[in-house]
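Letters A, B, C and D mark the chains as written, and numbering starts fresh at 1 in each.
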């Protein structure tokens, strides 16, 4: 089997094949729910759609399919890898939404519809080749997720979170659009390669500076980079845990994809023609990265709510990935993408555990987790793995990806540069942060495995949660000891992006 | 002909007013309106650039932005209603149960 | 060796790594009703591992057992699964095998969740064996970190009253150090790659290390050195150790002091000295200084300790300072005896921690001021304590003395070469202080007035497994003390070739 | 045929140690007979070895038999293990094993009541003997050091024999534990110096073998400063082991152990090791007159000071302990004076001076051998008394002569011998020592120091006679004290027979000087190399003339007789109250003496301040400064997390403000960056 199936089925829409499936499914969701009144059926359809879409995508990826749709959507290795990531996130979320006690019951069809729509938006961004499509994709994600956050049953915290989310989201949308308009003004086009070409003949200008900063702010909101991160802890805490997971692992990555698409392409093109210094911008990203990871980790120490703690840790992880934007090398990009993948499983897994426990009536406080090892050994063990992976303890996925990522601050990926000294300080800050993060991860570990709980009554976690957590466990270990499973694709993707 | 800078400064001022509103207004409905203001500032930019470069893409972008803004406001108002229903307020200053 | 193994064991090194791992899983499965079998399972697996590690000593040509398989190869990076054992690591592997088994035996009476306890010991063995056998920086680092987690749980599950604090401190402190070391590893690996594929194997990095400039060497030496020095540990980065030891259960302390601390000095020799000779020369004075500092400081700190185990912990710091001095000489004797001291201290500190642990649970307290005159009540324990203390203070005829003798001699050569012969006085003073704190502790805890501060009715002497474990370790101390060449022979060739590459013979 | 089996000499007691250590519980008398067998075996084989050696060709040249194998190597330095037999080694082996045999036999009776502890006792004394014999036959410094330290260990264990569950109660246990620790630590201080000396020698000579180090050509080629440093460091070890000034304080305390152990330490082993080492290193030390001068001065000072401290002590064992120190001082004085002359002779090439120096060597060794016998006798005798009376305080004894005839008479012989009463053993050696000291005063720039030392030594001889007879009279004459009333007569045979044997030697051994002792135990230069033995002594008549034609001999004898007389009137007739001279114990001098010139207090202060005082400071730095920094760092991180989380007010307006302010700041940063980095 190869991608000819896809091309024969979809013709000129082949680059959009994974999205089309999900879009149709998204539109079908409410209908399925009203027709059957069975939430299982809805989830089944959603999961099936995602699986089908994933199947097509994997075919296309393995086959090295490349193609574009009217020049605004381009499917290449990069798009393939990122789409796969978003599909995984969607799959996990769809699975656990079924049995989570937090997700809405009344509008279950709409919930799934929004979920799939948001996923489609993410995929749009991954394939986008034009500012317009990036913008539209990001907005599709944003607007859907505003609604997803609000769709938690009778929880005033969710309502509050949604208000905050929509306001800060709207603000950043405005900022983004303003930045895009400036970029358009400077270059006269919205097509990314053309922008790069146009910029390579220009000097730095005020307008471009404004564009730069406002776009960083706009997408920085999505990835929750300091100082645009303030919404994240509140929203993650307030939203239903599957949605928190969706936001933390999926929505965050959209911001990165947009940043990669816009900035790396622009700057790589610009730096090759040497009319335009990129170093200053790299430093801006480096500063943001350093502050983001430090703030995220340090503040996470003082959190008692585990979802909030995971939110801050998520901010810190964003800081790590921002190293890619500072270093802007092909190897860094590949490492960053790989870290995004492992992050899905580690952070996603951790959120899943939290969600599973909430579903069986255990609170969100770290102290509620006391004695968990006795009550739910598998869950506790899985959580241990996820947290240690997040902290970067070998031989788990988080370690390997951090190793790649941090090393990218020093190593250019065998392109002849040897050891780079410019970003060593960033690597130092990153490793120190990695150590700080142990502080709060071990708090949870201590509560779960070491402290004694009030009861030793066994807990029965819903099956879909167990399945999703198992998937995460498998990949957290597998990607730790066999990273090339994904890393090879990431390397291809990075070279595809740099090749533009 | 009016120079392009005038339009841009106008848009920038509009944008700044919107941003100021978001920062100081406690009423979330007003905040949403301020955001609209900011979006429209960006739209003006697009139109102006489009007009000055005789490129049609900018106008396309504006149409997209307007529709996105509409969707956003729709969702936003729905969320505010939901919040009002659950918390009896939509004042930003009162919606501070989650912090630190 | 005087006797050659007549047959080959296929995948011997992998077996050394896999057996404990399988053992750990098997022991972990011994929960619930089967708890009482946990120790036998653990004993069997660690026993076989020990036998294999002893067999390794009799292998005529170690190179036969090298194993190398590709592992990760992606995005300009190549990491491999390479295991080797050479003159530097063979004693450490042997030590690990022996001490893990003996600490299992020693803890045979562990009743609290024994399956966890023994599984953790075996899991630690995996990491320790891995560190000493790895010949790939990725594998090395992975194994380095793998040792942390079982130790963390060992302390937090089975430790003393302040176990949470101690465990976290141990975990985070040493983790910070390893991360700094990781940056150093990045530097050497990517520096050695010279723009090509970054190969993490020791061999490739060594081949590429010729291109290192002396500034690079100096800087990177500092990074790696910090990482290793915390593990050793070296003053002033040592404060995690006394806390960890005080709280850890006996078996944990034995492995921590006996084998884990050696990872630090092993790393310095294996990585810093092998790869960065110019860096080593630039740092030589600093190394000597902190070595002396650690030695004297540790010895003085011992005098002030009230907890027997904490005192022993500080004595480890003092003795590892001696290892540091020895390495800092950068001479063949220095390196040879640094390794020998690592080995010797591994055995001796095992006895010391077993004794201190036994004091804790057989007598009920380790606080020296509460003890006194107990030699009549617990003669066997007192005898072993005496033996351990004497071995540690460098009684000739026991293994520790030869190590110290060689170290101070190599240091003497060094002081002659820099014309500062008076420095040797520090070493001699530390020997004196060592004797002082041990004998004083002995006097206060076992001799003199019989204590009235503790309940004497529950005191019991060592149990049979404890005697076996202690006796075996003491026998080894005496054996290698009477016949030091048994161990020195392994190191000699390695030390002289390393000294040659360092340019100082 | 026997010399090849020299290694058996230390090995057999070693095996006894192991066997008794493991199986002693089941053996009769806790393994005592086996220990005696080991010692006896060692004596027999050393007698055979000595006989064979003295009759062999090797005796005349090169003067030693050695054989060794490589043990291991330190870099390019081979560490060997083997034996080295020469006259000195034979002398040491013989008297050490012989006296030990007697002491072990005595112990069977003396330790009769100790029960299971006897196993430990006999194991440890066997190891002690191993140490001494091994030391005597070692072929190099490092091997010697191993045995040297083994003895240190045994002294620690045996002095602390009663450091727990002492029959006299907890205070005695405390005392014993403290004394044992002190003994080990003080000797350890010396050992550490000795180790330093070995490093110097090893580096300079490339080997620690006696044959390599004492090679004339090798010693000449080495930097004299380093040679001197090495010699002084080695002598530092001797000071510790033989309890010389200023490290003399541990030996009196060491009386806390069983009396037999004291006998062993003082007579057969331990402290004699120091004398042996100086004699062994004589060629090395003789390279520098200053070193030998130092040896002599230390010896002379110790002899004098220790004697003063013995004057008013009431503890029978402590008096003997001080007398040991004093007599050891004589030995070092002799060796130092002889070595001083030999060193000057070597520098000037004067063979007469070299020969005169050799007399000092002979005198030191003879006095060592004599002392071994009479001191063993005295200690065992005092042990017998203590055994009978249950006290060590002489004030509680008295009048025991009638009850313990054998003990009393043998101890009288011992006292006469140590006091240097004419024709007793001690007389001969002491006279030669004094003669050598005075002779050395005639040579060299610093020679006058030896005259001073000679005067001190004469005074010491007077004091020795006084305190020994003070002891004897207080114990066996005068009014019976509290303890004496408990006495039920003579000790058992196993204790008295060794006393009788020893008293024979104590009385007569010294005369061997007249029968060619100085032919065998002497040092000279043959064929350009130092050689022990094969000398041409003064001969029978030579010595008689030497001693009895000298006016100084009569001076000494007169002083000794006066001293005995004074002791008699003070303590036996009680016609003079000793309290008259010291304001009944309130004079400053009396206090100084009974406080041992305040040495212990000084040492305790120094030890406490340098040890525990500094340790307290280190502990403070460790917990407060270093660990404090670590904890402060971690709480700073956690605390900053707390305070930074307060920025998260929960109000969305603030969030928006942060975003906007962030943009402004970022813009400013960007401008700064562009400005400073000179971007486009």
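Note that a residue touches a chain if its C-beta (ideal position, glycine included) is under 8 Å from a C-beta of that chain, and two chains touch if they have at least 3 such contacts.
What you see is a predicted model, and the numbers here were worked out from it, not measured in a lab.
In terms of the distance between Cα centroids, chain C is separated most widely from B.
More C-beta pairs in contact connect the chains of A-D than those of the other pair, out of A-D and B-D. Ranked by how close its C-alpha mean sits to the mean of all protein C-alpha atoms, the top chain is C. Centroids built from CA atoms put chain D at 78 Å from chain A. In this assembly, the C-alpha centroid of chain B lies 96 Å from the C-alpha centroid of chain D.
Averaging Cα coordinates per chain places chain B and chain C 64 Å apart. Distance from the chain A centre to the chain B centre is 26 Å, each centre being the mean of its Cα atoms.
Annotation for chain A: residues touching 2 or more other chains are 163-164, 167, 171, 175, 233-234, 302, 439.
Shown for chain D are the residues in touch with two or more other chains, namely 634, 645, 648, 650, 652, 656. Multi-chain contact residues of chain B, defined as those touching 2 or more other chains: 19, 22, 28, 31, 92, 95, 97-100.
Contact between chains, using the touch rule, shows up for A-B, A-C, A-D, B-D, C-D. The touching residues of chain B, counted against chain A in their complex, run 8, 15, 18-19, 22, 28, 31-32, 35, 38-39, 41-43, 45-46, 48-49, 53, 55, 57-58, 60-61, 64-65, 68-69, 71-72, 75-76, 78-80, 82-83, 85-87, 90, 92, 95, 97-100.
Looking at the complex, you find that chain A touches chain C at residues 331, 334-335, 388, 393-395, 399-400, 403-404, 406-407, 410-411, 413-419, 424, 427-428, 431-432, 434-435, 438-439, 442, 446, 449-450, 482-484, 487-488, 490-491, 494. Partner chain D is touched in their complex by these residues of chain C: 169, 172-173, 235-236, 238-240, 297, 300-305, 331-333, 336-337, 373-376, 382, 390, 395-397, 401-402, 405-406, 408-410, 412-413, 416, 424-425, 428-429, 431-433, 435-436, 439-440, 442-443, 446-450, 483-485, 488-489, 492, 496.
Within the complex formed with chain B, the chain A residues making contact are 131-132, 135-136, 139, 142-143, 146-147, 150, 154-157, 159-164, 166-167, 169-171, 173-175, 177-178, 180-182, 184-185, 188-190, 233-234, 237-238, 302.
Per the touch definition, chain D reaches chain B in the complex via residues 645-646, 648-653, 656-657, 660.
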